[in-house]
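Residue numbering begins at 1 within each chain, and the chains themselves are lettered A, B and C in the order written.
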Amino acid sequence: MPEAYRKTLIRQIAQHAHSEIIGMQPEGNWISRAPSLRRKAILLAKVQDEAGHGLYLYAAAETLGVSRDQLLEQLHTRKQKYSSIFNYPTLTWADVGAIGWLVDGAAITNQVPLTRCSYGPYARAMVRICKEESFHQRQGFEALLTLTRGTPAQKAMAQDALDRWWYPSLAMFGPPDTGEQVSGGHTEQSMRWGIKRFSNDELRQRFVDMTVPQSEVLGLTIPDPDLRWNAERGHYDFTPPDYDELFRVIKGDGPCNAQRLAHRVAAHTDGAWVREAAAAYAAKRRAETEAA
Amino acid sequence: MTTPRVAYALALGDDALVLAQRLGEWVARAPELEEDVALANIALDLLGQARTLLRYAGDLEGAGRDEDALAYWRDDRDFRNALLVELPNGDFAVTMARQLVFAAYQYELYDRLRASSDDTLAAVAGKAVKEVHYHRDHATQWVLRLGDGTDESRRRMVAGLATVWPYADELFQPDDATAALVADGVAVDPPTLREPWTSYVEGVLAEAGLELPEAAAPRSGGRRGLHTEHLGFLLAEMQHLHRSHPGATW
Amino acid sequence: MTSEWPLWEVFIRARRGLSHIHVGSLHAPDAAMAVRNARDVYTRRGEGVSIWVVPSDQITASSPDEKDAFFDPAGDKVYRHPTFYEVPAEAKHL
């Protein structure tokens, strides 16, 4: 396997795995406060799935000769990134619905093509993940739908969530493919290698085209006055997200970057003695078996 | 009307609900990703038990309260859970000590409750006994590893057991609501669970090379609605959103 | 001492009568925990009735470089397959 291909794959899979486990936090916030026991169970199962997805992806990266510990170290020291979206706060219950609908929707748009990417272990992990993600997107949509059909306060909560999550969701697809904000990304090479199958702007357009009709079902207004159907192109025209903001958040200056990373590092550090204990116990048992 | 049977279903349901809430706090904080998944599974099992039991309590009561009305609109003085489950998580050793104590109790309880003359409770127990069998095993595996792992893990495991031990006794105390049901074969008499529970837990501690914690004054009151200070905070967090929107559907 | 738990490969049998199929990997300190972690991670949606775990470093795999030498020779032996043989329709139970 060519070294450059291997390195790029590790970076991409790791970033994806990190996004899953950091992504547990903004929604995990609301497990304790979920407004019904049914919603509590759904959310708990969803956040649990994200831990599972992170785990599948780390394992896929491990087939390339890096360990999970090494990858976590890269995350904890900010050498590898995770999706910028998780650096925004979840301020109300509706944000949980908006994340399911928009963020998981954007993730699925990104990920479905990867089920056919050139690296088998990554593709296989993505097959499993995409199956489970469709539950995530549907539960998010249904949670929002319940709000928009509820009291005026609930409907306002849903609209407020869409207002705050729309542009960060568009930014999830990364910088544009053309123009001055192209940022020396890896798109072209990764597409040639078959570990990325569509460009950022293609995927972003696909996401907008899919999401606008859904917003109409919800009865919510996408916060973009210039959003309209372009019959000639056969696509919606829309206002792009603020890429300067995206770059700032990626660099670490988003509302929750420091908080998310500190939480992650604390969990890892606090758990060190447990991991060591289990390893020590296993070593003792092995020694006993060998002595016997 | 709060009949003994309602109170009994509430007590079992509240135990499961409050512990599910506590275990949910571990998500995204566990020592390893695999353990995040494991703890969430246990929390989901308990939440499922709680929902069924609260729904049943509401049906029996006949006042139109569903699972959410009971979970979100009762204050801490009306909760019937044992104090053990509301204790803060502490470190992983405290949580595993509590899991061992509680899951071993729940296992004996549900194993016997399968023979209840109340068909609903018998059905709940039939499903739950398999779940808590796994919970008990999970806690056992961890108590063995922490007890016989490193010096630090052993020290923490000893401390964790000492933290939860005074709260174990309450699980086996007879209470008035239950006494009335035992005669009809509806409920399991709590004191009869003590012996099999002790035998299991002592076996695990012995295998882990841990001493039984020293006897401490037992703490109780939960079944009568006299809780620790911790439950009020737990409920405030759990209930505030639901209560902020009375009558709303989620 | 390194406390990173070793990697395990997980095989699940979905139903009686099927073979165990590789579903993924996970970390666990020892075999007993590996089986339990596999149950929690890979059977959340009722995917299995039986689990095998194998330490990843105990698996010996064929090399991608030897793919042609290993597998192409089997490609032209059509006579190993029952459909190769034509049998009159009136001959039953064949």
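Assume contacts are C-beta pairs under 8 Å (C-beta built on N, C-alpha and C of every residue); 3 or more make two chains touch, one makes a residue touch a chain.
Quantities reported herein were computed from a predicted structural model and do not represent experimental measurements.
Novice: Taking the mean of all protein CA atoms as the centre, name the chain whose own CA mean is closest to it.
Specialist: Measuring from the global C-alpha mean, the nearest chain centre belongs to A.
Novice: Taking each chain's centre as the mean of its CA atoms, which one is most distant from subunit A?
Specialist: It is B.
Novice: Based only on mean CA positions, could you tell me how far subunit A sits from subunit C in angstrom?
Specialist: 30
Novice: Just give me the whole-number Å value for how far the CA centre of subunit B lies from that of subunit C.
Specialist: 39
Novice: Using the average of all C-alpha atoms in each chain as its centre, how far is it in Å between subunit A and subunit B?
Specialist: About 34 Å, centre to centre.
Novice: By residue number and range, which residues of subunit A touch two or more other chains?
Specialist: 45, 48, 52, 55, 272, 275-276, 278, 280-281 - these are the residues of subunit A that touch more than one other chain.
Novice: So which stretches of subunit C touch two or more other chains?
Specialist: Expected reply: 5, 26-27, 29, 33, 41, 44.
Novice: By residue number and range, which residues of subunit B touch two or more other chains?
Specialist: Residue numbers touching two or more other chains: 32-34, 37, 41, 145.
Novice: Tell me, which parts of subunit C touch subunit A in their complex?
Specialist: 1-5, 7, 23-27, 29-30, 33, 41, 44-45
Novice: Across the complex, what residues on subunit A touch subunit B?
Specialist: Its residues touching subunit B are 21, 24-25, 28, 31-41, 44-45, 47-48, 51-52, 54-55, 58, 93, 143, 146, 149-151, 153-154, 263, 266-267, 270-278, 280-281, 284.
Novice: Under the stated contact criterion, what part of subunit B meets subunit C in this complex?
Specialist: 32-34, 37-38, 41, 134, 137-138, 141, 145
Novice: Would you tell me which residues of subunit C are touching subunit B in their complex?
Specialist: Listed in rising order, the residues are 5, 26-29, 32-33, 36-37, 39-41, 44.
Novice: Which residues of subunit A touch subunit C in the complex?
Specialist: 45, 48-49, 52, 55-56, 59, 62, 67-69, 124-125, 128, 132, 272, 275-276, 278-282, 285
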